[in-house]
Amino acid sequence: MLSFLSDYTEGAHPEVLQHLMDRNLVTLPGYGFDEDTDEAKRKINAACGRDDLQIWFLTGGTQTNMFVISTTLRDCEGVISADTGHVCGHEAGAIEHSGHKVLTVPNEEGKITVENLDKFMKTFYADESNEHTVQPGMVYISHPTEYGTLYSKAELTALSEACRKYGLPLYMDGARMGYGLMSPKADLDLHDICELVDMFYIGGTKVGALCGEALIFTKQNMPRNFLALVKQRGGLLAKMRVVSQQFDALFTNDLYFRLSQHAIDMAMLLKEKVLSKGYKLHMNSYTNQQFVVVSRQKLEELRENVRFNVWEWLDDDTAAIRFATSWATTRESIEELEKLL
Amino acid sequence: MLSFLSDYTEGAHPEVLQHLMDRNLVTLPGYGFDEDTDEAKRKINAACGRDDLQIWFLTGGTQTNMFVISTTLRDCEGVISADTGHVCGHEAGAIEHSGHKVLTVPNEEGKITVENLDKFMKTFYADESNEHTVQPGMVYISHPTEYGTLYSKAELTALSEACRKYGLPLYMDGARMGYGLMSPKADLDLHDICELVDMFYIGGTKVGALCGEALIFTKQNMPRNFLALVKQRGGLLAKMRVVSQQFDALFTNDLYFRLSQHAIDMAMLLKEKVLSKGYKLHMNSYTNQQFVVVSRQKLEELRENVRFNVWEWLDDDTAAIRFATSWATTRESIEELEKLL
Amino acid sequence: MLSFLSDYTEGAHPEVLQHLMDRNLVTLPGYGFDEDTDEAKRKINAACGRDDLQIWFLTGGTQTNMFVISTTLRDCEGVISADTGHVCGHEAGAIEHSGHKVLTVPNEEGKITVENLDKFMKTFYADESNEHTVQPGMVYISHPTEYGTLYSKAELTALSEACRKYGLPLYMDGARMGYGLMSPKADLDLHDICELVDMFYIGGTKVGALCGEALIFTKQNMPRNFLALVKQRGGLLAKMRVVSQQFDALFTNDLYFRLSQHAIDMAMLLKEKVLSKGYKLHMNSYTNQQFVVVSRQKLEELRENVRFNVWEWLDDDTAAIRFATSWATTRESIEELEKLL
Amino acid sequence: MLSFLSDYTEGAHPEVLQHLMDRNLVTLPGYGFDEDTDEAKRKINAACGRDDLQIWFLTGGTQTNMFVISTTLRDCEGVISADTGHVCGHEAGAIEHSGHKVLTVPNEEGKITVENLDKFMKTFYADESNEHTVQPGMVYISHPTEYGTLYSKAELTALSEACRKYGLPLYMDGARMGYGLMSPKADLDLHDICELVDMFYIGGTKVGALCGEALIFTKQNMPRNFLALVKQRGGLLAKMRVVSQQFDALFTNDLYFRLSQHAIDMAMLLKEKVLSKGYKLHMNSYTNQQFVVVSRQKLEELRENVRFNVWEWLDDDTAAIRFATSWATTRESIEELEKLL
């Protein structure tokens, strides 16, 4: 069975696993107070051209989103997201469970535009009784977006400036950050992102790690007592080394970028095959997720040999399906897929 | 200054206050274990043609909505509301603060239609990964709606059946219930409502009481340990008598209905005046809230002499404003308003 | 049936009710933006010898405690209370429901001493892994305490200084404040309290009001967006006037103090009778709650004619029972009780 | 530097890591719907002599405790724990953050006895106003306890029966389960535990895994929609395989028991050395944690060469310190420690 189900269907990139083995017997203190965690932080700082980033290692994307949002917002505040944002619909209500409303603005190709943010804020300010509504408290975006699209540097700069004007911290979900950075359309690097957003995370789970995300605060804005805040939410790892050693490996010899590049190369090849077969794309994605429009019949037929996600039913007979590539995707598997299309 | 700001701008109807005085010196136990609370429950049961309703007295609408929703839903569930529902935007995120997402369906004149509910549920069931989304757990409606519109008996019956089919308890916010019951378009009475919904409340704050709402469970479905659940949310009144005595008065000699009728009469008179002056209505409301379209200039001019709410800016120069009537509204005040329009 | 069950078994002091009637038909805006609420705030400020107190009106003691604690503490912080404190055991877990641990220190006659607070803080600081425990975030006391005892000025001054040293806001629960202020042992007035604590409330429900508490921030330390924070917790009154008008009455012509004095006079008379009959006191209270030691047999016998609370079983056969007096307690009722003792 | 700081200061037992490598490139679906997770569940069931246990894999102990408690309790309920229980003081308020009070009973050598539970419940039932207190909703114990002590089969049977009588689910924290099972004083095996408790977890983090705990429901009592409940609390692993593969390894060829046995052997050797040097034990532990009484001077001296935990200051000059052993502890390290003692 071919699988383009997701970018988390294998274990870790072999170099990551090797590094875990190499460091396995070293005795280290727990909870992140260890030299390997320090080393991973140094390497991530270096990759960002910084030395003052505050970094914390967590185990998953929903966890990271919920923790950063619920420790940044005040009780009466909500987080602004595009209506297609991951925090809106795909996290089992984790944000609301933490007590906060997700305030939505219409997306443009999965993104928040300054225009739509301005419209939202204008309506908020125009409402004379907005003391009775949820106060906008921060902005959530992801890069790439749910639809694999990317912010340009100009777009992110404009959004960042708008957020500063409104006093809203800007948070970027980087579950698939690597694929955004290595896309042929990439216009933003980690240096830019550190400048333009207040916090973001570099995803490991979907980009070569067994598990783990590196949450980064760019403006010395990590909430006080973050260890306790993380612990009481159930996310503090006794062996934080397990995640930080993986990030150490990922940020050694550009592994994070190299394996992302491979996934992108495979995705572009897949896209080429799909288009050459006459299929339409639901979104013109330049990252590792490709959204293809197929008939119900074709969908059923493909399912016999391929694993993929049904993203959205466009009508009763037509669906957008998602193929995802990763560091583990082979050229052969794409050629096999081509035959089945 | 004329005021059509809201239906809670005076104290209580004089008969309500008189009853508080009459019972003031009677020694009664606290927390609702008193004969006056029993008496109020009996009278509300009688008005509904029932004797088995479970009733609790609270102090406000947001409180009641939040308590009933958060004690009915399981953690992973959300409440379905029309996108114009009061719980969506006007309660400072109280529902989310209690841990639950408000799931929205498009409104039709402020109402949830079976068609829109079906569409929502169909999408939910069609989503193969809906274990990762918020589970629909109950349906919230209000009667009258935020726009003063009403459910017909046929509409509520159909919605009730759909909810039963989906296993979703149906909850009706009755902050302004009296005005719905006494509207010239009223097609539902308390008997019907008790049959068709699983829980609802009869609003006192906006219908003649100093404060207070009567929360009613119609199917022996009051959550276990409700006293403790209410207390830990900060809503248990030591002197529950203060609210229950008011409801006793409101349900003696049909006071609740009589004072609602007066507000409706005044609203219909106001509507007549507004229309005769050539204004357009934003919504054709048959209840105590009238939504009138005015220019920005007229709005500013009126503000010098009248208190009202700006409901919505329709464009930069035009707004829908709201006039609300109550038991305390006088014919003279409407005639004065007429002159100012 | 005689009743010494509590101080909330009647309605309101007649002057309070009269003021509600006098202001009943005045049209006022909602949510506290009205002149009567302003007037009540002015009068409370005056009674405290201040003009800069920030005041909010709520409906009950558990609500007030939970709101002030949950809006003051950060997520990782807990509130320190005496182990006999009301927030520890008698509020159905309201503080924990809001997400915060109640950290306990042993009481001395219901009070927190500086010595016990110091011991607690010393242990906290000595714990090398206290990042993994709840951070002490504020101190809760009540005056009078659960046992009717009182802080002296020296005690409160010392505690206040200790709290400042530790950076812990000091909050005083004043559900029965009036009885503390008018006790023959009273050593603290409202001026002192405003100086020495960071927030406190003046209880209305148990001191002559239908319902309502005045929450006071003494150091310009009301949390930002307090209206929204209160609303999302379900405690915002549309007709805040209902509570503020009552406080206006209570702080007109010293009513609050006069009616408290009456309750104290009755309690001292009751105490005298109890002692003259040879009963022992469980605590030597100088406020409106008297705790008397009785045998099980006597307890059962009294119950036939008197309502009171069983406070604590001291052994299988002996209990401490509580008699509470109020503005509504008559000399005759105490004489009748005397006969039954 | 010698380290007896904890049992989580190395990576994973090499056989565990090897299994992760062996399965690394196998393509598997996410979120636990994979064959490796099924296999791990089968092996744990087999080790317990069962085939109907419901099992979920999580990443840490605080997380597991908080999730099981907060998904089992109703809002108004609290969890009963010994006053020395891990959930009381060492989890940064995670239980309270989830909305629930930890109700404490005095411990006997770290354990809850039936006598103390009975006393607690008797007081609860005797309280006439216990509707206003937190309802006891479940019982939390750990095995071994915080002090390394163990429940005997007779003790756990009696406690289990008492819990059933009171309708309280019994939950066992097994962070260090292996060390309890392989102790020379072990009187309980996994079969017994499955019979006697309603849910428990088998700890991996402290017993040879990189990270991970296996949460087990023994009575078909896993809360409905557990996936969503876990996800909204931030604990759902996209690659659940990472944890389940480790448990597969741990329950292959008795690895879990063998590595626990090694830690116990080392602990018993350490204890022998300590006693032979004339030190006193703070608790006579038969598991992998040894609590030794030392002077402040000795403590400071040891610190120069050994890592350990200060458990408790017994007086200003004397502390109980903890040495923990694990699968990675060597005989040489204990001999070196002996020289330093």
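When the chains are written out, they are named A, B, C and D in that same order, and each has its own residue count from 1.
Methods note: a contact is a pair of C-beta atoms (placed from the backbone, for glycine too) under 8 Å apart; a residue touches a chain by one contact, two chains touch by 3 or more.
Please read all numbers here as calculations on a predicted model, not as lab measurements.
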Chain labels contacting subunit A and also subunit D: B, C
Centroid-based (C-alpha) most distant chain relative to subunit C: A
Superposition of subunit A upon subunit C: rotation angle, C-alpha, nearest 5 degrees: 180
Distance between the centres, which are taken as Cα means, of subunit C and subunit A, whole angstrom: 50
Whole-Å gap between the CA centroids of subunit C and subunit D: 42
Intercentroid distance (Cα basis), subunit D paired with subunit B, Å: 50
Between subunit B and subunit C, centroid-to-centroid distance (C-alpha), Å: 34
Set of subunit C residues in contact with two or more other chains: 75-76, 91-93, 97, 131-134, 227-229, 231-232
Topology of the chain contact graph, where touching chains are joined (line, ring, star, complete, other): complete
Residues of subunit D touching subunit B in the complex: 70-71, 74-76, 131-135, 224-225, 227-229, 231-232
Footprint of subunit A on subunit B - complex, ascending: 75-76, 78, 89-93, 96-102, 126, 128-129, 131-134, 309-310, 313
Footprint of subunit A on subunit D - complex, ascending: 3, 5-6, 8-12, 14, 17, 20-21, 23-30, 59-63, 66-67, 91-94, 97, 205-206, 210-211, 227-229, 231-239, 241-242, 307, 328
